[in-house]
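Note that the chains take the letters A, B, C, D and E in the order they are written out, and that residue 1 is the start of every chain.
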Amino acid sequence: MIVRPPQHWFARLFVWHGSVLAKISTRLLLNFLLSVTVIFFLPWYEALGIKLTTAPFSILGVAIAIFLGFRNSTCFARFNEARLIWGQLVIHCRSLLRTARTLLPDNAQELHHLVNLEVAFCHCLRLTLRRRKLDNVLDRYLTRSEMARVMNSNSPCNTILLIMGEWLAARRNGLSDILFQTLDQHINQLAAVLAGCERIANTPPPFAYSLMLHRTVYCFCIMLPFALVTDLHFMTPFVSVFISYTFIALDTLAEELEDPFGTEDNDLPLDALCNNIEIDLREMNEEAQKPAKLLPNRHYQLT
Amino acid sequence: MIVRPPQHWFARLFVWHGSVLAKISTRLLLNFLLSVTVIFFLPWYEALGIKLTTAPFSILGVAIAIFLGFRNSTCFARFNEARLIWGQLVIHCRSLLRTARTLLPDNAQELHHLVNLEVAFCHCLRLTLRRRKLDNVLDRYLTRSEMARVMNSNSPCNTILLIMGEWLAARRNGLSDILFQTLDQHINQLAAVLAGCERIANTPPPFAYSLMLHRTVYCFCIMLPFALVTDLHFMTPFVSVFISYTFIALDTLAEELEDPFGTEDNDLPLDALCNNIEIDLREMNEEAQKPAKLLPNRHYQLT
Amino acid sequence: MIVRPPQHWFARLFVWHGSVLAKISTRLLLNFLLSVTVIFFLPWYEALGIKLTTAPFSILGVAIAIFLGFRNSTCFARFNEARLIWGQLVIHCRSLLRTARTLLPDNAQELHHLVNLEVAFCHCLRLTLRRRKLDNVLDRYLTRSEMARVMNSNSPCNTILLIMGEWLAARRNGLSDILFQTLDQHINQLAAVLAGCERIANTPPPFAYSLMLHRTVYCFCIMLPFALVTDLHFMTPFVSVFISYTFIALDTLAEELEDPFGTEDNDLPLDALCNNIEIDLREMNEEAQKPAKLLPNRHYQLT
Amino acid sequence: MIVRPPQHWFARLFVWHGSVLAKISTRLLLNFLLSVTVIFFLPWYEALGIKLTTAPFSILGVAIAIFLGFRNSTCFARFNEARLIWGQLVIHCRSLLRTARTLLPDNAQELHHLVNLEVAFCHCLRLTLRRRKLDNVLDRYLTRSEMARVMNSNSPCNTILLIMGEWLAARRNGLSDILFQTLDQHINQLAAVLAGCERIANTPPPFAYSLMLHRTVYCFCIMLPFALVTDLHFMTPFVSVFISYTFIALDTLAEELEDPFGTEDNDLPLDALCNNIEIDLREMNEEAQKPAKLLPNRHYQLT
Amino acid sequence: MIVRPPQHWFARLFVWHGSVLAKISTRLLLNFLLSVTVIFFLPWYEALGIKLTTAPFSILGVAIAIFLGFRNSTCFARFNEARLIWGQLVIHCRSLLRTARTLLPDNAQELHHLVNLEVAFCHCLRLTLRRRKLDNVLDRYLTRSEMARVMNSNSPCNTILLIMGEWLAARRNGLSDILFQTLDQHINQLAAVLAGCERIANTPPPFAYSLMLHRTVYCFCIMLPFALVTDLHFMTPFVSVFISYTFIALDTLAEELEDPFGTEDNDLPLDALCNNIEIDLREMNEEAQKPAKLLPNRHYQLT
């Protein structure tokens, strides 16, 4: 699904699009300018009483690296869990349809309705998570009365699940309790997917934590040139920018991953996932009309 | 749900409310004053036999950083698990109601009773975990006789689940064993939520562990100015406060996250979660009266 | 359940009871004396060919810190898993009783028997894990014939589960297969709790691992004064004891957590957990006689 | 299954095939040549204004090591999860067949058909994940009409599961709903295996993350000789190559593990796993024709 | 089950049997001799152009410690998962027998057959994982015809599960579909145990990974004396051996844990686990003949 940029180790060093480097270049430039200024003021340095050595920065650097490492694994865990939950969505959308096709009397119209409800649920989840407008997408899949219920609801996704439950309840006569429960279970699983996504979206990692690390990283990078200049002199800007890059890039990336449902470069490709689910379900139900497959743009990014 | 403070990297450096910095400012001030005193006494320093270098502090600093990193991930795991369990609460409250509406004969009154029991369970859980008084909240949802049973119980939340089980048992005639068991399963899941919350609230991480780290961090910060002063002289207070900030802030934050059900800035917004569940359930049951939605205060905090 | 010692950061620095500091004070005193001796012999130092710098100790210190961090997370994971399993015990004890009360004809006598079997199982598990005598506790809950079977068994807890299974089998006529299976499932879950506890108790982390770290930590602390003395002179004992405290305390705590079912300060409060389960079950079954609630002692410890 | 190379610690030092060393030898050679060049230019060094010390590299080295450690555990987690999912495939292929043999009337022909469908699913999954051509393998297991459906599908593996579901639906008359559901559950589990593999294959870890570490590692290795040369002089190339080996090898290995379904040395042996499943299923169904067992090649590698 | 060696912190320092120290003593001796040689050649040292400082070794040491820490947690996770899976074996062996005794008509002969099959499965699993001969153990539990089928099979453990499934299928008449499925589920769980063990045994962590770390650790230890000798002189051998011990011991232990089913000191006590399961099952089925309990040898080791 996702085409990857050049694989050769040398070519990789020069990738620009989609990299964090592009995003933080201004901050690194500021760091560079600060370093140059520090070199310029070195003669007045001691007179100003500024006296910094690398030793305390070594303690700090390691401590910050450890805490950043922890923050990264926390944020990546959110990204990963979000993807896992969307994987559950794929599984239960397919299994619900497959089982429904096996168990319910052949009625293409009704199964088409179910497919529409499932696809509407996926799109509604995607749009809610990204805080977009729902109506111009959902009206492709829902009837007018369903549309009205969903748009007036406090929790549109949950309302679509309610409608799906009503669809199933209307077909309960042809099913034994065991088979009814089997299908109902899949709807419960979709409800678990919904609640899981809401949980990730609504409960960011403790704000004080990211704030503290953010502050520590930036203060560290600001003080760094002062500590390096006596040892490195003219090499200060290069080393300072390099170290700052390592720390600031990780902090920035952690911030991106913190909200995996966003639309930044490294967020989950929800559009592509919804598109894929729709193609799969339409094909499983032997429908003629399938949407075209979304492809990555020329910077290898899917949205 | 949670509105986040300024997103720009520069603006973020100056956020005050909700940050740990506000909480530990006195301790950092003490550290600053100690550093100034140390500079002042530097001439008598050698005479007093005090002779500290940064080398052993480098070993200690890294060791403490590693152990703090571990403590943070432990405490964050508690926070995260607590949120997961409340996510389960959301899932099973909704699914129990949805399935009950499908399976039980249309009787708005009885379903209204079920909704009340579920909402009472959520509030009771929230209030028990925060050690608050129950009666003035629960009497909105429970009948007088239920109220009496709950208030006299050793474990009020468990008693509400018992009442819920009795509600279901009274409706067992209209249900096959399979469907009865389906609904009963959801009550079992709510019981698992209850036991999970009790577990987190009643079993803090080993006390000796947090005590040891607490002591190590503070001793380290007290000895730090003595080790830095010979190298850094007038810069000592700034570097010392910066390093102390990094370590003390993490220790303090870990302590906050340790008890995720508290009411400090970075604890779980249980009030908002209960409010959300109530709105969802009322809406699913097509009830007219819904509570107003809780919104974050002007410091972006939900309780 | 567990009352926590002083919360103020300053008061916390002076807590003694329940801390690891109390336990390792002798070892730290030995380290202090060694350091003093080393200072005393400093003049003869070079003549003896002893020449140590902090550089290799820096490498070692960081390496040991990383490995101790890993060992701590391993041992804490055991503690945590043990608590999780006891949480499962709480859940299934309650759910088994709640479902039995719903499904079985009202017969207070028989349910009282079930409650007794469940409580006996909990106490038996607790006493087996702590290698205590069973008979003077279990005879409060079991009939004479049950007592005989349990005491002659190779695995008393498993025998109680067998008796519980027989209790259920005797009531199978009034139950459909589905409901019988529902109740039987809870007994299976109690069997999983038993096997989980046995697993943790009988399979400590690889012995060579804790041995190696133990040795490394103590050798490091013994050699430390020799490495510090040339730089720090009279400050050696203080810094050496401080670093030793950090490392030895963590090693000792890891050893305590390794066996979470023990009776040391930081082990799980199994007595209180059993007591709680008994109170809950008696209350759920509306029995008059309930045991008194266990409270923490004046050092905030529960057993 | 996988024969391991020499176990003796000394012999192990000289293994070449399958090691990362073979793969990155060119890059290490470049690093060696750069180091030699740097020694050669040392006299002009100061005149060029190049002045680097090891102190900032120590900070960087530790930070990069921590981030590489995190990246490695992330990539290894993908490898591990991929293997777990293929383990699920083994479990459900066997259990589906075993249960089908127990429950369905003895009809060797039909069970042979099921075995063929299961084996086709495994091979189809393997070939799709490795982006290989499907038709010349699958036509050994599928009928012509099945083959046509599968090859025209957007998701061939999912189509095979649909056919498997139809096979089961055609046998529904002889089965009670409970037993039908039992078998259907195994097909659902195979669907979960499929979606799990798709998830891993289609969602690499955030690209910016690996890019950033890749860049940092290589920049670090390029700057290293300049920092080491003043201290180590003629030893620079050896130490520089050794440090570079440690960092570059880990980065390269992480990249290999990132895509566990590839065909590089350290990827999962999907061919051998499919071969094993086929032998097991044929044997369980008492079929005469079994494929030969795949054995590792002379470099101990399975594909 | 496992008696632990001396618990006192001082006595523990001198444990020899079962420690990794015993295993790697030759390698440490070689390191000691190398260090002595290096001291001897010190005068010619500079002339040979060898010039090493501890600074780059500090970077390397920390990096290797981090990677070793990761490798250890990976290998320990395998050990832990293997133990978990054997815990599942215990659970399902007991639960299958307990449920079978409840549900099937009293027929001691048939239940004895089931016990034999279960015990045979455990022993077969143990012997296969340890690549031992099966026949002289299994013929104690299996009939002659079963024995023939098992010994001719490509996967003996799986064949025993097939026979167990046939035993259950032969008793299907007396059981409703729900109860049949309950028992069958336990056999499926045993199949999951089998596949889990196969997965761990057949998929070691990527070989290149352990190779790389192995090489890095040994090169580091070989170069260490050269770097230490200028600073430490006569103390070099002691410090060098101590550091080497820390790193080599961890590498060696990781290798032992990598294959948890082996027969080295720190591997899982599969013999004792099988013995325990057999005693439990015989006792639960009230059989007279039970095997004697396996006890640890005088070095506190179980096999």
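Quick note on the criterion: contacts are C-beta pairs under 8 Å (C-beta built on N, C-alpha and C of every residue); 3 or more make two chains touch, one makes a residue touch a chain.
Predicted, not measured: the structure shown is a model, and the values here were computed from it.
Chemist: Roughly how many whole angstrom separate the Cα centroids of chain B and chain C?
Modeler: Centre-to-centre distance between chain B and chain C: 24 Å.
Chemist: Averaged over CA atoms, how far is the centre of chain B from the centre of chain D? Could you give it in whole Å?
Modeler: Spacing between the chain centres: roughly 39 Å.
Chemist: Touching at least two other chains at once: which residues of chain B meet that condition?
Modeler: Those would be 58, 62, 64, 66, 69, 73, 178.
Chemist: Is the way these chains touch best called a line, a ring, a star, complete, or other?
Modeler: Shape = ring; chains linked end to end, path closes on itself.
Chemist: Quick one: ring order starting at chain B, direction chain C?
Modeler: Order around the closed ring, chain B first, chain C second: B, C, E, D, A.
Chemist: Tell me, which parts of chain E touch chain C in their complex?
Modeler: Residues 1-2, 4-5, 9, 12-13, 15, 18-21, 54, 57-58, 61-62, 64-66, 68-69, 72-73, 76, 79, 83-84, 87, 90-91, 94-95, 98-99, 101-102, 176, 178-179, 182, 228, 231-235, 239, 242-243, 245-247, 249-250, 253, 256-257, 265-266, 268, 279-280, 283-284, 290, 293, 300 of chain E touch chain C in their complex.
Chemist: What residues on chain E touch chain D, complex-wise?
Modeler: 27, 49-53, 55-56, 58-60, 62-64, 66-67, 69-70, 73-74, 153-155, 158-159, 161-162, 165-166, 168-169, 172, 177-178, 180-181, 184, 187-188, 191-192, 195-196, 198-199, 202-209, 211-212, 214-216, 218-219, 223, 252
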